[in-house]
Structures are given as structure tokens and as C-alpha cells.
Amino acid sequence: MKAENLSEADGRPGGQPPLLDIREICKAFRGQDRTVIALDRVTLPVRRGEFISLVGASGCGKTTLLRIIDGLETADSGEVRLDGKLLTGVSQDMAYVFQEINLLPWRNVLGNVALGLEVRGVPKRERRARALKALEMVGLAPVAKAPPYTLSGGMQQRVGVARALAVQPKVFLMDEPFGQLDNFTREALQVEIAGLWERLGATIVFVTHDVDEAIFLSDRIALFHASPGRLTEIVDVNLPRPRTGYDVRAHPRAIELRSHITDHLRGARTNGDPVSGGSRRVPAAARTPEEAQ
Amino acid sequence: MHLLRAIRARREAAGSGGAGGHVQADGAGAVVAAPVPGTDGRGGARGTRGHGHVIAGTLAVGVFIGLWQLSGLFLDPIFVSTPARVAKALATLIVSGPLPGAFLRSLLEMIGGFLIATVAGVGVGLLMGRMRLAEKALDPLVAFGNATPSIALLPVMEVWFGFGTAARVAFIMVICTWPILVNTYAGVRAARSLLTDVGKAFGMSGLKQTWSIYLPATVPYIFVGARIALAVGAVGMILGGQEIGQSGLGGLTENFGSYSQTADLVATIVTTTALAMLLFFGLRVLQRRAFPWIAATSAGERA
Amino acid sequence: MTAAGGGKVTAAGGGKVTAPARAPRDGAGTAVPWAIRRPPLSERRPAGVLAPVAAAAVLLAAWEITAQFVSPVLISSPQQVAVEFVGQFRTGTATAALEISLRELYIGMGIGLAAGIGLGLVIGRYRVLGSIVSPFVNAANATPLNVLIPLLIVWVGISTEARVLFVVLITVFPVLLNTAGGMRNVSRGYVEVGKMLGMSERQLLRKIILPGSVPYIFAGVRIGVALAVIGMIVGEMEVSNVGLGYLLNFYGTGFQTGKLLALVILASLIGVVNVLIVRGIQARWFAWITASR
């Protein structure tokens, strides 16, 4: 299947409308002496139950896009629809997991996880139960009463994930959630997220600059270029699941993907700059999209 | 360690410009960073607020002066006087009165004490930060000295230096030294954790490291300490003027107060406020001109 | 994903590397060989307790010696100061002074802190108020407030009211500024968590801004407490014929240096005790403050 930008129905034969429909998102940041086009008509349909990663170098707008999707920032133009409904402002049907984790230090772990439920007016006993259940899902029920600062970075981020789980969102938005953690913790958490995703049948939009992480976790990978920020390609990962039972990195398809993606992203660096406008594809020794299949 | 808290408290309140008059005492009583988040060096509000803010403020001042003037209709002027009288008194005091002389005297004593304190405070602070031995030895003494309200030493200054200028300057100096010392020390410690390897990697001698690496890195902290010193030092400046002889602006307030010359008294108070603001402004200008890069460091990121 | 795994850690350099009998182990339980090398003398820390005790002893000795050579009017020996210290209490002079001083100190401090925090919260909440009040608060904050004392005397005469009022004045402004400013400086990450979870303005204020301001409020309180002590002493030097500050002045002009120094030490103790109380409160109820940010 040719990798390309998809619009309308999500391109699958007999495809359903996407759960999360992102259309023509544009966002520019105006500075003192120059304007940075963070997002240039980004269109991305996200299917129900899929795990899709947004991959690109730093500064290519993927975090901005994620924040726009959640409503933490507003786009200059374009729209986001969830289940067909147009989104304005922050959506309570989506939950965001931050790179900086951002656990409130004045609440204990349980208090942090239950926070979203408080906002939604869930009664106390039910809040507690649901929060504990979310903590169990990430294996942290024992530390429910602990203050966040006593936890390691990995544990804190798992609490961050639990916080999102507790509100049972339709879509999880994760912004490089493991970026601040060491390699070993990161790998363990990747496995955990993959497991959670499978168990819950969740829809996850995941931002990362780690190509291997994206390949391990995702159904599809959306590739971004910077300056101007564009969605240039969406690739299907097509690796067998569950991906924990074998060495994904050694799989030929994964090797192929990694090579294709890295070439693609390397080409991003020699893109045209905003002044001259437009971009040009690098005539790479890279494979063509057809060959990448 | 007591002064380790100083860094933490310092970090947690991160070095914004720091309004004048903010003396911060942390866990050990170490007078540390006085940055007031959200405000700028001289206590002026941050630029993010813009025009509406300035207009509201100006209007408020205008209304205040108006009400103040009206109060003179039913309140005995001995209590708060009126803006009109105060303005007149101010003019008279400046043109033919003791105000300019007093202003100058207070200003010079303040600057003198402050400068000596800066040399002493920065010197010892650097010493403690760079020499483990000095640090270990001096730390508890510094913590104790810093916890002492230097104001209480006024009579001691009188005993040692007599009842004149020397005592007043020494008093200001003692007050100003502690915050500068403690903050310089905190700055060196912070720099230590970040920059220790840089100098070594370049093969610099200890002294060169101190001069080229640690001192610049500590400058933002020194300025924070300077602001605290200025705030409390000003209290000492006025107190000295009131208690050690009757000199400078402090002496004038004492004089006018005892004769219930409220208009003159308020005029002097206004002048003192102006002097204090001038000092903070001067400090801020010095910081911006000589060290414009401070805003880019973590210590000055909110400045 | 990285290739690191549970493999053995190899020593990088040759020669000096030896594995001692009880090698330290890393998180995975693998023995980590380390280089054995004694740190040079300059890097060794002097024994913890020895140096300050030695330094204190040296200082005391120097003090004692100076006192021998110098007129007792200038400096009393440590021994004399100690004697006077005890004497002041035995005769009841210090006790009586403390009774007055401490009462005025804590009443004034209490009002000042409460007013500062309360007003600060209101001002932090309503920006317009902040703009209106700003010129006055900032002017007051920059001014050495003891310049107002003769005016206070005109108003209420030489009295307890004047002194308490002065302590209130000197305490209130920095506390106010720190509180109001603190509300504005709550970490953006925490605020975004609140927004992401769908909090209303009121909920944001109550659940995020207010608790998030606590560290800043504490910073202001520490400043206020220190200033209150200063205010008490200054007030009593000028507006009083009783109390600690008055006594300090009295002994000073009377050249009773021994008693003077004893009271200076007493004043220090008050300062230290205050600081310990604030620190204790923070440790007991707000332990999370040092951990945040």
C-alpha cells in the first residue's frame, strides 16, 4: 500500500469515519523578526482503537499539534473533530500525558489520579475506587498514599498515565511521555503502554522523536518535517502483534521501516527554509515509498 | 547544612528582579534571595501587564491625592497634612532648607557602607565557597551572625565608633554585609554543582577559576543579595540618622516630628522614598548595563 | 530502543582497575568494577564536626584575648557577657522586657502576616486591583519604613499601639507582594494539568493556583518574620521606654557593654527561634515544598 497523506475516510476499504479527524491545521508563531510556521495544513485522520505515533525532529510541530488537538492551544485555522463533533476549547473526552509529568506535589498519588474525577463531579467513594483501579492498571496501587516526590521518574510518569486512565477518555494524547526517563525505565514503560493499549482497545496519539519507540508501539507512524511544519508521510507499521514476544528490532520489516524513516527525516534537515518558501524532496539514495513496502 | 537550604530557597524563589525591600530568611535564618516573583527590580510590575496597568495605577494615585487633599477639610492637618502643604514645604525645604544637605549626607553614608559591605561580603562569600576549610569553619558562625538582627547592633556601633559619621557608616556596613555574603556563598555553591568540571577540564588554576568562572556565575546571586542589603541598609541609614546624632534624612524626621511639623515631616518621608527608589533604580541599571546576560541564567530568568 | 540489556559492564581503562572483594552492584545485580584511587588531599573534606567547633573555639579565644587588651567599654569578654546574660534574667530585667517585646512582636507579626497573605490573595486574584494598588505597595516596599515612626508618634503617641502598628506595616508589604506574585508564578505545567482535566476558572483557582502559591507564600512569610523582628527592635529604640530595643539603647548610651552584648545575643536567639518555628511548620505540614520545582 502506498504511504501517503490520507483524507476523507481513512483509506481502508469500507473504512469507517475516523474517531479523531484533524483537518488542515495551521499554526504560526510570530516572533520579533521572523515568523515560524509550526504547522502547515496538517491533516490526519486517527482511527478508532489505533496507536499512531507522530515522529519528527525537535521543533517540527508535533507537540504543538498534540496540544492543539487537546485544546491547550488554538490553531490559526483548521478544525479537529472527535466522533464527528467539532471541538472548541479543552476536550474532556481526551486525556493528555505530559513530558514533564506534572504531578501536583501537594497531593499524594491517589489525589493526583483522582483529580480528573473530582473535576467531573464524581462522588468521593467512586472517585477513590476508580482512581485505585487506574493505579492498579499501572501497578502502583501500593504507593497510593505516597507523595509524588518520593517516587522515581518512571513511577511518576506511570502515575501520570494512571491519571489519564482514570477519566476513561476516548483518546489518549501522549507527548514524549518517556523523554525524561533513562533507557531502562523507558523500555519497561513502552511494554506497559503497549499492554494497556491492547487490554483497553484505546486510541492513542503518541509523540516521540525516538524512531524505534514508534516502531515498537504503533500501528501507523506519521512523519513530520520542520520549517514549515508539515505532515509528509504516514507509514503503516505492519508488524505482528503482540510485539513483546519477539525481538522487534531484528525483524526485517522493522529494519526496513527504520531505514526509510531515518532517511526521510534526514531529508527534513535539508528542506528549504521559510524565506525561500517551499520544500524540496531530497533525491536520496533512500528507497522510494513503493520499495519501503 | 544551613546554607544549603539557602540555595534551595533561592532556587525555589528563582532570581526574578526582586522588588526592593524583600529580605528573605530561610530555614537557617540565612538571609537569602529576596526575589519577588512577578515583580521587577525596583518593585515595578512586569512589562507583561502593559498600558492598562499603568493607566489604572496613575488614576489610583491621582484619586489618592485628591482624597488626601479633601481630607484636609475635616481632619486636623497635624495628622496627615495635605498635598498642597506638603508640596509647599518640600519646595521650601529644598530651596532654602536642610533637605538637599540631608539627602546628600544620607545618600553618601548609605553608599559608603554598602560598598564596603559588598567588598567584604563578596570576598568572604567567595572564600567560603571555594575553600572547603573556610566553609566548614565559618558556616555556623555565618549562620549565627546572619540570624542576628543587625539592627540590634546600633548601640554597639555607638560604643565603638562614637556618635558620628563613622558609627553610622559602620552600622550600615554591618547590616549590608550579611545578605551579600550569604547570597554570594549560595551562588558559589550553585555554580559549584554546575561548573566544577569546566575549569578543571581547561586546566585552570584555582585562582583563575574563581575569577573567570565562579565570580561571573555568582553575579546574579550577588545582585539579589545587594537588593536585600539595600532594603535593610536603608532602614539602618534612617535609624542611624535618627539615633546617632540627628543627621541626614533620619535626623530631619526626628526634628520635624518632635515639633509636629507634619508637612515638613511628610515632605521628608516622600524624599526618603525617592532616595530609596533612586538607589534601587541605580542598582538595576548597573545590573542591566554591566551584566545584561543575567536574565538568561536560571538565577535571573524571571528578572 | 537501545541495545543495552542485562549484559556485563566492562571496565573502560586498563591498569588501575581492580575489582575489590565486595564489589558494589548496579541495579541489575551485576558487579561493577571500580577504579581504586584515593582522592588528593585538597579534595578531602575535613572532619565534619571538628572544623566549626575548632573555629568557634578560636573565635572565643580571640574574643577573650581582645577583651583583655581593650577597654571593657568597647568589648566585654565572653565570660562577662555570659554572666550578664544570666544576671539580666535573674534580676528580671530581661524577663520583663521580653514579655513586652515578644507580645508586641507576635501580635504585630500575626496581623501583618495574615493581612499580607489575605490581601495578597485578593490582589493576586483580581488583576485590576493589583494595578490600582501597585504604585502604593511598591513605594511602601522600597521605603525604609522607620522613616514613618515620627509620624506614628504624632498619631498615637509613644505607645504599644504605635509599636505594634509599625511591626504590622513593616511585615505586610513583602508578604503581600510575594503572595500576589506567587499566584502569578505557579508553574505552567500544573495549570495545564488543570486545564487539560477540564477545570473551570474557579476550580483552577482552588485546586491549582492556591496550593501552587504556597511555596511563594512561605518565602514571603520568612521575609516577613525577619522584618518583624527588625521592626520590633527599631520600634522599641525609638518609640518606647520599655522592651528589648529600649534596653539595648539604654545600655549602649550608658556604656554598659556587657549587658548590651548579652541582650544582642538574646535578640539573635529570638531570630533563630522564629526561623526554626517557620522551618518546623514547613517540614510538618508542607514538606512537599522543597520537592516542587
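Letters A, B and C name the chains as they come in the text, with residue numbers starting at 1 for each one.
Methods note: contacts are C-beta pairs under 8 Å (C-beta built on N, C-alpha and C of every residue); 3 or more make two chains touch, one makes a residue touch a chain.
No experiment lies behind these values; they were computed from the predicted model shown.
Ranked by C-beta contact pairs, the top pair of chains is B-C. Taking each chain's centre as the mean of its CA atoms, A is the chain most distant from subunit C. The central chain here, found by comparing per-chain C-alpha centres with the mean of all protein C-alpha atoms, is C. Each chain gets a centre from the mean of its Cα atoms; for subunit A and subunit C, those two points are 45 Å apart.
Averaged Cα coordinates give subunit B a centre that lies 17 Å from the centre of subunit C. Distance between chain centres (mean CA atoms), subunit A to subunit B: 50 Å.
Multi-chain contact residues of subunit C (touching two or more other chains) are listed as 289, 292. Across the interface of their complex, subunit B is touched by residues 45-46, 48, 51-52, 54-56, 59, 73-74, 127-128, 130-139, 141-151, 153-155, 173-174, 177-178, 180-182, 184-185, 215-216, 219-220, 222-223, 225-227, 229-230, 233-234, 237-238, 245, 248-249, 251-253, 255, 257, 260-261, 263-264, 267-268, 271-272, 275, 278-279, 282, 289-290, 292-293 of subunit C. Of all residues in subunit C, those touching subunit A in their complex are 1-2, 4, 27, 187, 189-190, 192-193, 195-199, 203, 207-208, 211-212, 214, 286-289, 291-292. Residue ranges on subunit A touching subunit C, taken from their complex, read 70, 72, 90, 92, 95-96, 98, 100, 102, 104-107, 115-116, 118-120, 147-149, 167, 183-184, 187, 190, 210, 212-213, 216, 248-249.
Listing the residues of subunit B that touch subunit C in their complex gives 8-9, 11-13, 16, 19-29, 31, 34, 36-39, 42-45, 49, 52-53, 56-61, 64, 78-79, 132-133, 136-141, 144, 147-149, 151-156, 158-160, 231-232, 234-239, 242-243, 249-250, 253-254, 256-258, 260, 262, 265-266, 268-269, 272-273, 276-277, 280, 302.
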